[in-house]
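First chain written, first letter: the chains are A, B, C, D, E, F and G, and each begins at residue 1.
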Amino acid sequence: MQGQQQQAYDRGITIFSPDGRLYQVEYAREAVKRGSPSVGVRTPEGVVLAADKRRRSEMIEPDSVEKLHKADGHIGIASAGHVADARKLIDVARREAQTNRLRYGEPITVETLAKTVTDFVQQYTQYGGARPFGVSLIVGGVTNGRPRLFECDPSGTPYEWQALSVGANRSEIRDHLEAEYEEEMTLEDGVDLALSALTVVDDEEMTPEGVDLATIDVETEEYVQLPDEEIEAHLAERDLLAEDEPEDDEDAEEGSEE
Amino acid sequence: MQGQQQQAYDRGITIFSPDGRLYQVEYAREAVKRGSPSVGVRTPEGVVLAADKRRRSEMIEPDSVEKLHKADGHIGIASAGHVADARKLIDVARREAQTNRLRYGEPITVETLAKTVTDFVQQYTQYGGARPFGVSLIVGGVTNGRPRLFECDPSGTPYEWQALSVGANRSEIRDHLEAEYEEEMTLEDGVDLALSALTVVDDEEMTPEGVDLATIDVETEEYVQLPDEEIEAHLAERDLLAEDEPEDDEDAEEGSEE
Amino acid sequence: MQGQQQQAYDRGITIFSPDGRLYQVEYAREAVKRGSPSVGVRTPEGVVLAADKRRRSEMIEPDSVEKLHKADGHIGIASAGHVADARKLIDVARREAQTNRLRYGEPITVETLAKTVTDFVQQYTQYGGARPFGVSLIVGGVTNGRPRLFECDPSGTPYEWQALSVGANRSEIRDHLEAEYEEEMTLEDGVDLALSALTVVDDEEMTPEGVDLATIDVETEEYVQLPDEEIEAHLAERDLLAEDEPEDDEDAEEGSEE
Amino acid sequence: MQGQQQQAYDRGITIFSPDGRLYQVEYAREAVKRGSPSVGVRTPEGVVLAADKRRRSEMIEPDSVEKLHKADGHIGIASAGHVADARKLIDVARREAQTNRLRYGEPITVETLAKTVTDFVQQYTQYGGARPFGVSLIVGGVTNGRPRLFECDPSGTPYEWQALSVGANRSEIRDHLEAEYEEEMTLEDGVDLALSALTVVDDEEMTPEGVDLATIDVETEEYVQLPDEEIEAHLAERDLLAEDEPEDDEDAEEGSEE
Amino acid sequence: MQGQQQQAYDRGITIFSPDGRLYQVEYAREAVKRGSPSVGVRTPEGVVLAADKRRRSEMIEPDSVEKLHKADGHIGIASAGHVADARKLIDVARREAQTNRLRYGEPITVETLAKTVTDFVQQYTQYGGARPFGVSLIVGGVTNGRPRLFECDPSGTPYEWQALSVGANRSEIRDHLEAEYEEEMTLEDGVDLALSALTVVDDEEMTPEGVDLATIDVETEEYVQLPDEEIEAHLAERDLLAEDEPEDDEDAEEGSEE
Amino acid sequence: MQGQQQQAYDRGITIFSPDGRLYQVEYAREAVKRGSPSVGVRTPEGVVLAADKRRRSEMIEPDSVEKLHKADGHIGIASAGHVADARKLIDVARREAQTNRLRYGEPITVETLAKTVTDFVQQYTQYGGARPFGVSLIVGGVTNGRPRLFECDPSGTPYEWQALSVGANRSEIRDHLEAEYEEEMTLEDGVDLALSALTVVDDEEMTPEGVDLATIDVETEEYVQLPDEEIEAHLAERDLLAEDEPEDDEDAEEGSEE
Amino acid sequence: MQGQQQQAYDRGITIFSPDGRLYQVEYAREAVKRGSPSVGVRTPEGVVLAADKRRRSEMIEPDSVEKLHKADGHIGIASAGHVADARKLIDVARREAQTNRLRYGEPITVETLAKTVTDFVQQYTQYGGARPFGVSLIVGGVTNGRPRLFECDPSGTPYEWQALSVGANRSEIRDHLEAEYEEEMTLEDGVDLALSALTVVDDEEMTPEGVDLATIDVETEEYVQLPDEEIEAHLAERDLLAEDEPEDDEDAEEGSEE
């Protein structure tokens, strides 16, 4: 379908097109692609979450570019797409995690958390009165010593991945991940892979301020955000360390993700 | 009706076209056809449910491609179509099954469960404010030693089948089922028929990771998911075992079913 | 009115056209015409309900093609049109019948049941937010020894008939009924008339699996579904017995009635 | 206003056209005109209500063509237009009459009942979410020995008449009523006038089955439906008795009034 | 603004046009102009309300043409426009008057009653979901010996007048009122002025049945409807008495005011 | 933006145009400009409020042309625009003032009252289901001996002024106010300035009946409406006294302000 | 996308365009750009907030041009855009700050307050029935001795800045801020930077009345509004002091920000 015909079916939130597609959900995926990428890597030793957080102005505090979120002590979430939408879903996730601790006296499993979020997202694709969420999440963590890594997309579908990216340049980064990923890699190698994946487009380099990275180790089951020094060391080791922070395109749209 | 005229009637959820059709429901059926197929086979010895779960990337965990679901100890559900919608209906089915046990102290019958789901689905075709479900389910199980196999489609109509498929290539697979089905076949033969049905298009082969298969035996009345080794044995026996997992089309749409 | 002009008035659920018609209700009648026919015949000895339930595939269980429903011990309902809609109205009817027994300690009259359903249906033609029901029902039964036979159509109008049909080929079947009906016919003759009416189009023959037939006798006041052997005998006697079950058109729309 | 321009204002339920008209209400009046006529005649001795109930098929039970309704012991209602809508208003009227008896221990007055119904009808011309009623009612009865005769039209306006008709051929029948009506006529003459009015178009004749007629006498204040024999006598006397029941046009729309 | 452009702004209930107009309210005023006129005259001795109630058929009971209403013992209301809408506002006024007596133990003032009604009317010009009222009212009465006369129009604006008319031929009648009105006229002269105003268009004459007239005297503070004889005397005195009741145009729209 | 393009954005209540404007609010301002002007002047000795209330007919009672309202003992409100809308906002203001006295035992401040009203007005510019208010208010009064003068416009923005006008001819009157205003003028001079401002367009003269004028003195903190004699004296002194009341344009729209 | 195509997606509040954008949010940003600028500067010694509040008329009280708001004792908010919308968000912020004190007995942190507001704003971009907020806020303050400075834009995204501007001429002012900002500048220098930033466009000069400026010092943690004399001194020192207040464009839109 093209042009005028497509328009007839893509403006209603809750209707199918003749070929069985939900255009509003597909457009929400476009909103995700407008956001800078986030990456998740699962290794036997733990899970790595990394996010490109380069800013449209040096005067923005890097810490306020929220791409990586601690959902619970043992679970992190990386996002790409509409920042304000992401904040809302993170809030849903955190409440769910807290409720689980209160109700059952134990931490929520990574899978339960991911699926609770996707079920919440699905409703925004079926009922009228609201648009879908313009954001994809990577939910990673450790449950009972087992590392897990889930994707939550705007349709509300949960998939578990070995390694994945969401946001801009998804296919290039996925190719890189598929080429470089090894099932038995160490957590350190996972960190390197995540960082190299984020720089794979146009062979860019990166400063520590331009990236957020966290790990959840199967030993400690603790979400730990890597300090800039360690990120710098990793980048230097892989020859990915930029001298100056490269600035984003001036035309970057405000309000979407940096 | 064609073109412009059809457009006049296919965008509202709850209206009839001049020839008495509900276009949104028909478009939801197209969403089902976009999903990879699932198959159900009923034999005197029990019910077989099988689902094609080939993934768009090797990095997706096969277990996270949810096509086969245990609804209760004695009932399984296979789905095709919009994954997130399927999850919602499975949830409805599971709650209903649990409620039945709590309220009446006994397991729900397969027929009751199937019809509860279709009645739920029907409402989404008559009232405004939400779209129909873009998914078809195969509900199979055993009630009082009798194997039952139902289809739940987007219109909310329940039919009982000897053997059926939902999702892509439905007519080719149905032809295969009609040609090969025998009323008195063993459960083992039912498993073979289900697997061969899923590979009937383009004479594809299959890896054990690319398929989910479960049986509900009239003896045990237990939903049992077949381990990969057994699936592999079945495929090998029928010369359907692929050496490498064939990858799906790169262009496969995310968010719909794999 | 034609073409463009008609379009201006047929898409809203709750509005009149300039010539005082409710198009959505008329289109719902078209949905009824898309369904295979059902027939009702009233004789002094009781009421006959019969339904054509030929399936689009031999693998569908004949019993799952729901065209004939027992609404209460002494009342049956035959339907034509959108299957899922019919299920909903049958459910309304059954609840009403049960409520009547609980509240008044006696069975509901056929007339009360029929009018309760039509009043329910009328609301869907006047208020926004939902479409009309795409189904017509034949409500037949015995009250205080008197056989009654009502029609409930998508406008919510109740009429009592001596004999009627709903669904496809209505006018041909009605001609047949008017020609053959006799006020003082026996229940057995009523059964023959119903069966011949269902086969009147294109002089088709029928298998016992392709038809459902039930009677409510003025003596017993009990809804009794005829076993296949008896149907077969009736068909054979009238030279209507097919050797093989004729299959429906492959193109039959799923989700509508078989 | 004509054509395209009129269309701009006639599809919304609750809006005025530039010349101050409510088109939906006017179209509802067209629905009334599509229905077969009913007539009311007031005489000093009582009120006569009569309705043309010729059927589109001889197999329809004459009694099930509901045109004349007993609203309370002393009040009758004749209708023309959309049958299912009429049923709803009759139900409103009956409840109101019962409530009055319960609350005040006395029968409702004819005027109060008529105005309660019109006030109910008015709401459907002012608020969104529902269409107007496509029916006109003649409410007749006796209050404290005084005969009263009211019209309730789709706009919700109550008028009291000496004699009136609603439904098809209204103006021809009104001319006949105005020509023949006499203020001091007997109830018997009123019955004759009502019957002749219903046959005035095309000099048709009538069978007793084709008409319903009821009187409310100022003496008894009782709603009494005339038996077929008496109707036949009246028709014969006026040379209006048909030998066979004339059939309605085959093309008569189902669902509207016969 | 004209034609197409105007159409863009006149169909929504609650929106302004670019030149700051509310078209739906203006169209409601057109509905008022379609109604036969009512007149109010204030004199130092009391208030006169009069209404043209000529009927579209002689068979309509003059008393059922409701143009003049007693709102409370000391307040009357004359209306012009959509009859059913007027009935609703009269009901609002009467309830308000009763409530005032119950709550404060004293009659409501004319001003308070008029403004309560206009405030009620205003809401129908600002909120969606309902159309404005297609009626104008003249609220007249006596409060503490002081005669008051208010207009309530479809916009919900209250004005007090010495003498005014609403409905058809408003400007001609107003010219007549302005020319003939004298501040110190007697109530009898006020009656004459009101009657002559109603007949001013085309020098028509009038029968007593074609007009309703009521006065509220400052002495008695009682709403009194003039008997036909007195109206006849007044008409005769002014040479306005018609021999036969002139009939309204046959084409008069039913449902609007006579 | 012009023509067709503008139309695309100006009919929805709650949406922005591409250049960031809210057209419905701007059109509401046009409704204000259609109303006759009101003026406010603040002097160290108190506040003056004045309103042009010339009527479209001499038969309208001048007192019923509501342009000036006492909101509380120490606060007055002058309005311009849609009269019925103004009445609603005045009601909101009065309730708020009363509530303040009840709750805190002291009079509401002028600023609080003005801002309560604007916050109320803002909601009608952001939420669907209702149109903005088509009226601007001048809220003037004295709080703790300090004279205050606020404007409340249809967008819900509060500004404090030394002197301002709302309604027709706003810019001409503002020029006059800016030219003539002196910060240290007496209250008497303020009255003169207000009256001359109202007559500035076309050098019109005025009768005392054509204007309402009130003052709130910093000494008394009492809202006092000037009697006609004093207004006449002021007008005469300034040579603004008309001999006869000039009539408004006959074509003045009813329902909007005079 | 351009022209007609863009229009298809920019009028619905809650839908995505094919390229994943939310046009209503982007248009709300245009409303922000229509407002005069506000500036925030963060220094180690505290936070500076400044706002251009030049008025469209000298008769408007400068204090009533609300651009700078004290949200709590230690937090200020500067705004740009739709004034009435800003008032609403300020109210939300103040309530939240008060609630925090009541509930936890301590002041709210700057970050919590900023994010509470953005989360509130996000909802207006996802749900139907209301438009987004047409305003951007700068939230500045001191928490535990640490100066913080956040932006809240119409999409509901919170960013923390070293120095930023919102409103008209944003890019020119940002260039100035980036060029002149020094991380270790004193609060006094911060004040100078803020003032020079506001005058950077067209080398305008400024009067103290034309600007609002407040600081929150890390020592006192108190929101302090600078008196005009100090602003004047700062302006004079930087040669930015205008002799007369330059007037805004006469055509400035009322109701938007000055």
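As a working rule, contacts are C-beta pairs under 8 Å (C-beta built on N, C-alpha and C of every residue); 3 or more make two chains touch, one makes a residue touch a chain.
Protein identities per chain, from UniProt: A, B, C, D, E, F, G = Proteasome subunit alpha.
Only a predicted model underlies this, so the values are computations on that prediction, with no experimental measurement involved.
Chemist: Which other chains touch chain A (Proteasome subunit alpha) while also touching chain E (Proteasome subunit alpha)?
Modeler: Of all the chains present, none is in contact with both chain A (Proteasome subunit alpha) and chain E (Proteasome subunit alpha).
Chemist: Counting in whole Å, what is the centre-to-centre distance of chain A (Proteasome subunit alpha) and chain G (Proteasome subunit alpha), each centre being its mean C-alpha position?
Modeler: The answer is 31 Å.
Chemist: CA centre of chain B (Proteasome subunit alpha) versus CA centre of chain G (Proteasome subunit alpha): separation in Å?
Modeler: 55
Chemist: Residues of chain B (Proteasome subunit alpha) touching 2+ other chains?
Modeler: 29, 128-129
Chemist: What pattern do the touching chains form: line, ring, star, complete or other?
Modeler: Shape = ring; chains linked end to end, path closes on itself.
Chemist: So that chain A (Proteasome subunit alpha) leads and chain G (Proteasome subunit alpha) is second, what is the order of every chain round the ring?
Modeler: Loop order (chain A (Proteasome subunit alpha) start, chain G (Proteasome subunit alpha) next): A, G, F, E, D, C, B.
Chemist: Report the residues of chain C (Proteasome subunit alpha) in contact with chain B (Proteasome subunit alpha) in the complex, numbered from low to high.
Modeler: 6-7, 10-11, 13, 23-24, 27-34, 57-61, 63-66, 82-85, 87-88, 91, 124, 128-134, 253-256
Chemist: Which residues of chain F (Proteasome subunit alpha) touch chain G (Proteasome subunit alpha) in the complex?
Modeler: Contact set of chain F (Proteasome subunit alpha) toward chain G (Proteasome subunit alpha): 5, 8-9, 12, 14-22, 25-26, 29, 115, 118-119, 121-122, 125-129, 150, 153-164, 174, 177-178, 181.
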